[in-house]
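In what follows, a single structure is set out as structure tokens and then discussed.
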């Protein structure tokens, strides 16, 4: 598939939604695609050196609850302090037990495969991110620059 | 539109977000598109024989509340047990009164129109889904297999 | 980039997710793209004359909290009445202090650049929206009409 291009706009900053851009990005790169990911809005969290991503069951009744937790904890209790940390720990443990790579590993795979990662400059300014908190080897740019690549891509996804 | 292809990645597992992949998938198929939907993450819920999908108003202030409910129930109370079930029942009733097809019906339309549905094998393993809990006639595969179709598609959407 | 086309399906109705369709739509139009945005589901809120959009931290641990708010307010307290209004006011104030255009301004830019905005007729019926509550100059249509444009587009995004 020489010459194929994939453009991804990564907008979410939670543990669960961190997987799609890095899984699809590294998969496409492995298939020979030229890949660029534009990290904007909450997605900028995925470029931090120390990510500290969390997952929340709040407002997502589509999340399968391990061990029948939904039977024991009604919606209200998913809001108690500590619940988010507990769900995050459980998801990480589940991923590990199933042999699924961590977000850090998947991001590393993307870097090794020369996936171009671009931090949205407007979001960096908006959320007062410090460039030194972000990983090395990324670029900073705007939507219009990214559009040049996206307009020539074979697959363009907003995640 | 002979020869046109649409690729959908369905990642959400709630009642409201179950509509877009099945509505757009069946619409495209009716227009002559070849359609493939890749169900991954929470989207795998949409392939269950018994879906039991729910909708939550939590964290979604964009949801129009029927009968001025937002005036009567401030945010906190959308978290009380039973609220999710109530909202789900109200949305289903609303859809029915407006003559909109159910998710089961729309999924059936997709099946009749030969929309190819693929369950993400990694997610099946991760969430410990039993293949016999899923509807018949689907395939199991990975992201790289799906990419072959997506890379040739005219429309590729991540939902 | 004469002749390039961008198709956007806008499905979210919150303050934060109102930015992507209008920013990318106006950016693409400025680059010479022909742009169409199909507003459906909660996205229909973005076509209201009086938008009154809100943002919620609930269920989104990826949202950077200003002033270390997440240290002071654990998850439960993000659900107290008034929190949503407070977060909304803070985000608007933040955007303003950074010189970022308001949603109203970005929507105006799209209109001036002849971005075609289409309200999903099914959603208008479903949520009982009054056409007179929506801005002037828009069209009403269905998914199949929009598909004709989307199928010819260079970039098609589901937001």
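Order of writing sets the labels: A, B and C. Residues in every chain begin at 1.
Heads up, the rule we're going with is that contacts are C-beta pairs under 8 Å (C-beta built on N, C-alpha and C of every residue); 3 or more make two chains touch, one makes a residue touch a chain.
Please read these numbers as outputs of a predicted model, since none were measured by experiment.
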**Asked** Given a C-alpha superposition of chain B onto chain C, how large is the rotation in degrees, taken in steps of 5?
**Response** 120
**Message:** Could you classify the chain A-chain B contact as same or different, where same means more than half of all interface residue numbers appear on both copies?
**Reply:** different
**Asked** With chain centres defined as C-alpha means, what is the inter-centre distance between chain A and chain B in Å?
**Response** 21
**Fill in**
Residues of chain A that touch at least two other chains are 58-60, 79, 156-158
**Message:** Using the touch definition from the top, list the residues of chain C that touch chain B in their complex.
**Reply:** 9, 11-14, 17, 40-42, 45, 53-60, 79-84, 122, 125-127, 143-144, 147, 150-151, 153, 156-158
**Prompt:** Which residues, counting only chain C, touch chain A once they are in their complex?
**Reply:** 1, 4, 16, 19-20, 23-24, 27-28, 30-31, 33, 58-64, 74-76, 79, 94-95, 98, 100, 154-159
